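Both complexes shown next keep subunit A, but they swap its partner, so subunit B is in the first and subunit C is in the second.
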Partner chain A sequence: MGAGRLYGAVAAGGFRRYATYRAATAAGVFTNTVFGLILVYTYLALWDEKPHLGGYDQAQAVTFVWLGQALYATLAIQGGGFEIEFMERIRTGEVAIDLYRPVDLQAWWLASDLGRALFQLLGRGVVPFVFGALVFPTAVPGDVGRWLAFAVAVVLAMVVSFGIRYLVALSGFWLMDGTGALQALMVTGIFCSGMALPLNAFPGALGEVVRALPWAAQLQVPADVLMGKADPVPAFVFQAAWAVVLLAAGRLVQLAAARRVVVQGG
Partner chain B sequence: MAGSRPLAEGWRAYRLIAAMWIRSTLTYRVSFALTVLGGLLVTGLDFVAILLMFSRVDVLGGYSLPEVAFLYGLSATSFGLADLAIGSAGRLGTRVRDGTLDTLLVRPAPVLAQVAADRFALRRISRIMQGSLVLGYALVASDIGWTPVKVLMVPGMVLCGGVIFSAVFVAGAAFQFVAQDASEVQNAFTYGGQTLLQYPPTVFGRELVRGVTFIFPVAFVNWVPAAYVLGRPYPLDGVPRWAAFAPPVVAAVCCLAAGLAWRAGLRSYRSTGS
Partner chain C sequence: MDAFIEVDRVEKVFDVRRRTGFMKRERRQVRAVDSLSFTVARGEMVGYIGPNGAGKSTTVKMLTGILMPSAGRLRVAGIDPSRERTRLAHRIGVVFGQRTTLWWDLPLIDSYRLAHRIYRIPDARYRENLDRCVELLQLESLLDVPVRQLSLGQRMRGDIAAALLHDPEVLYLDEPTIGLDVVSKAKVRGFLRELNAERGTTVLLTTHDLQDIEQLCSRVMVIDHGRLVYDGPLAGLHEAGESERMLVVDLERELPPVRVASARVVRVEGPRQWLAFPAGQSAAPVVAQLAAEYPLVDLSVREPDIEAVIAKMYAEKAVS
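Take a look at the complex of A and B:
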């Protein structure tokens, strides 16, 4: 079996696995829509008080909210993708078997997580976004090129998101208990990706810093590409650079971890 | 015996189970302290977002920062109380799915008490601590014309709010008997309700405010009584002046409704049989 077909099959498996739970998906759509509603009103009030905050007008701020709800599960911004399962395998020692398999550990989980992300985008993301666009004035472009650029940015965002969570999961080799690492993932994910407030609305130096961190590649960059606030090419370069750095770091840490594994004898 | 005094029985079972979990949690003291610290960070984030907003504006929906902090502190603290007391009931869906609820059904103690105390998570005090800190800041920083009634209303709001949120948790747990995989829906009401109440009612659409006043009455956790304390107009026109003192009644009605929902849910329970 060719490598491409193998990882394709893994990705398809990831997609199908999440597609199985229809009621859970519907529940997620409902919850994202409710949170979107709450957030939209607060942003409307904020932009009412301070028009053009962060260079957005009101319609763009509203669009940002619904994009956040649409990408929340897709990019596992608060965690909740493959990393929970991977950490459990590290904790129980089952990862030793994974390391023996004739497949690449990182590529395997990446394929599986991309499959999950694609399902979450279609299953959980589209409906809240369409609801938001129909009910509130949004800045959704009619230009097909803009949407294609957005699609590329979202795929790159998925890889960056994976890269971050892969590193978090690998910390399990040293920490055993992943609670703290997952908590850190949650805090940084919500705060630094723009879920709490668009990063361009952050004040001063804090804004400069968060906009340069990898989390910015997750929600802020795709949103700015879609709304024409950022040029696609430099945006892609920013995302791809972080993706490469994170994946390479993941690879190095994985090698160090694999040397460390001590399999418990039964 | 069980059944003769169900409330006393339930409270006794709840205390015993919760005490056991607390003992087990405190065995790993450092881990516990770190988890609480982490919890403070996580729960503090939404207030940091509000602070960031106020770094760019002076008022939000006509409310100043101390006033928003007042709403936030009341919402977060009462939610924290409910989450600590009964939040574990949110995991009922898992027990329904894997069939472990059956074990609780054969024990000679009320099921609700067992479910509420199950894996009692003392670490949830971090939400209460964080909420009280913000509330403390609000009380110091805001410019409220205090009267004895208003002073009494602050602890009253936290307590009644905690009871109202607890009722929401119980109703959410009851919903999980039928919801199965759809348990995430309850987050929209628990966490969603808490988030909603952190912002001034003036920010939201009239229909939404009406909904959370008359249908899903979480507006009585803070919006209505806090408007009285802050000397602001009520979130809805036509709400009578005495509505600020209604939270105990609303809390009692919520408990009654949640109790009925719980009974209906428990009666409809069918074990997975595995």
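Take a look at the complex of A and C:
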């Protein structure tokens, strides 16, 4: 009970922290809309050449683009969530202060990042998506059940995304300078989430592999759930399984990392 | 005596690996804390000082449970810190002058509301403690200001309040006045004095500012190379450091160095002479003898500089 209220407060704080930067939010909305336009025209040209690429028709391909833009900041697909701050705290040794509190480090950052994600979904995601749906023909369902399933898939995607970034951030305990790890995260995130091209358009063995990786749980799965391309239940199981594996791995690495708190700030 | 903090022959050894060549690494053990023993009674205010790298932070990290000692026994409020870090965390407060626990982007009050949840403080208690901190630390006008807009002194006061809302029985302070101006320093010290007097909070104060210690602590512990080199009243440091007081006398005219029991002339400049005598000794007999035997015009006594005493103490230990 008390723990629920605590992490609820942390999530609310995460939400409000991002809400304070209004100019950044407006700039983000603008950027996502412009990138969406560029991608939409590129995809339309591609789907003209290769209709039904990856099993999508043109409207579905366009929907996929706008979903990608809506979830880009929410799921911190290129990074840019809590991990920047967390790594900075590791580098400076401030993470020691976090350990003085009677809270669980992983749950704390998860709550804080979920708050951020929710803000970015509402603040940065909705406008580009609505714009896209109004301007282009899209495959947006009218069915409430689909939207509810999509909402569940997005929440699970937020946890998977956190799980990946938590592991990357913890590498800071060993690397000190996490710039390289963050860049690797950025490139992998773009490619393996389907931000560049939907994962179901990837050919052969490469396609099989990327569709099984945790990044697939971020954009591809929620998009397919919304557009009715995937059954919700197996999709949730796939996402939840990755969430559990990543959170458990994060816990193990965190245990090892806590022993290294030693080094900084002596 | 109720020993609130017990440290008994505690050691902390770190393995440090160093690259010595291509694919070659050398392992070396660093003894950050070496057979350290002390106790602090409930309600004591103790200064914990030492040069950089002496082992102060390592000690505090062990006392808060985020580091496990390599050997020895440690208890805070009867709790073994590294085994029950979370349980202990409810009973301690920690303030780092150079670091903050406050939520950077949000108004100060949000960090306090969060502390309310973190420590599960009963509502009435939270209100009361917050009101008290706000009044004594003059935070009223700052509560709605985002932390990033606070000055260093304001942020520091904000951090101290955040560490006290859950009524910690022991407070670890690390450089709480670093970078503060004279007025802010006075405010922080005054508050800590009052806290200790009213609530009986045990305070362990780590600082490089000896005025903090002089104004707050009746007892001081000096650590160097992981060992306790002094533990006692601040005044006793002078004797331990073999420091001297200085009597400066102006005579009627230039004279050869005066001869007085238990003091020696260290400098002569015209009619003015400097006499050094042990810090633990009264100046009265020296002055009496001088006044009786020499044409004395004026005099003043200079107290030894405590910083010089400690610097000397560190230097001696480094040589030995």
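Please note the rule applied: the second predicted complex is superposed on the first by the 261 of 266 C-alpha atoms of A that agree within 3 Å, B and C clash if a C-alpha of one lies under 4 Å from a C-alpha of the other, contacts with A are read in each partner's own complex, and residues count from 1 in each chain.
The rule is short, and it goes like this: contacts are C-beta pairs under 8 Å (C-beta built on N, C-alpha and C of every residue); 3 or more make two chains touch, one makes a residue touch a chain.
The structure displayed is predicted, hence computed values, not measured ones.
J.: Would you mind checking whether subunit B and subunit C clash or fit side by side on subunit A after the superposition?
T.: In the arrangement built by aligning on subunit A, the partners subunit C and subunit B fit side by side.
J.: Kindly classify A:Ala9 by the partners it touches after superposition: subunit B alone (first), subunit C alone (second), both, or neither?
T.: A:Ala9 contacts subunit C only, not subunit B.
J.: Between the centres of subunit B and subunit C, viewed from subunit A's Cα centre, what angle do you get? Round it to the nearest 10 degrees, please.
T.: It works out to roughly 90 degrees.
J.: I want to verify the contact counts: of subunit B and subunit C, which reaches more residues of subunit A?
T.: Comparing touch counts on subunit A for subunit B and subunit C gives B.
J.: Taking the superposition as given, does A:Ile97 touch the first partner, subunit B, the second, subunit C, both, or neither?
T.: A:Ile97 contacts subunit C only, not subunit B.
J.: According to the stated criteria, A:Arg17 is in contact with first (subunit B), second (subunit C), both, or neither; which is it?
T.: A:Arg17 sits against subunit C, while subunit B stays out of touch.
J.: Note down the smallest distance between any C-alpha of subunit B and any C-alpha of subunit C in the overlay, whole angstrom.
T.: Between subunit B and subunit C, the shortest C-alpha distance works out to 10 Å.
J.: Considering only the contact definition stated at the top, list the common interface residues of subunit A for subunit B and subunit C.
T.: In subunit A, positions 21 sit in both the subunit B and subunit C interfaces.
J.: Could you please specify the touching residues of subunit A with respect to subunit B in the complex?
T.: Contacts found on subunit A: 21-24, 26-28, 30-31, 34-35, 37-38, 41-42, 44-46, 49-50, 53, 177, 179-180, 183-184, 186-187, 190-191, 196-197, 201-203.
J.: Going by the contact rule at the top, pick out the subunit A residues touching subunit C in the complex.
T.: Per the stated touch rule, the residues are 2, 5-6, 9-10, 13, 16-17, 20-21, 92-94, 96-97, 99-103, 258, 261-262, 265-266.
J.: In the complex of these two chains, what residues of subunit C are touching subunit A?
T.: Within the complex, subunit C touches subunit A at residues 14, 32, 53, 57-58, 61, 64, 66-67, 85-87, 89-90, 92, 94, 96, 99-101, 103, 105-106, 110, 113-114, 117-120, 146.
J.: Could you pull out which subunit B residues touch subunit A in their complex?
T.: Per the stated touch rule, the residues are 31, 34-35, 38-39, 41-42, 45-46, 48-49, 52-53, 55-61, 179-185, 187-188, 192, 195-196, 199-200, 202-205, 208.
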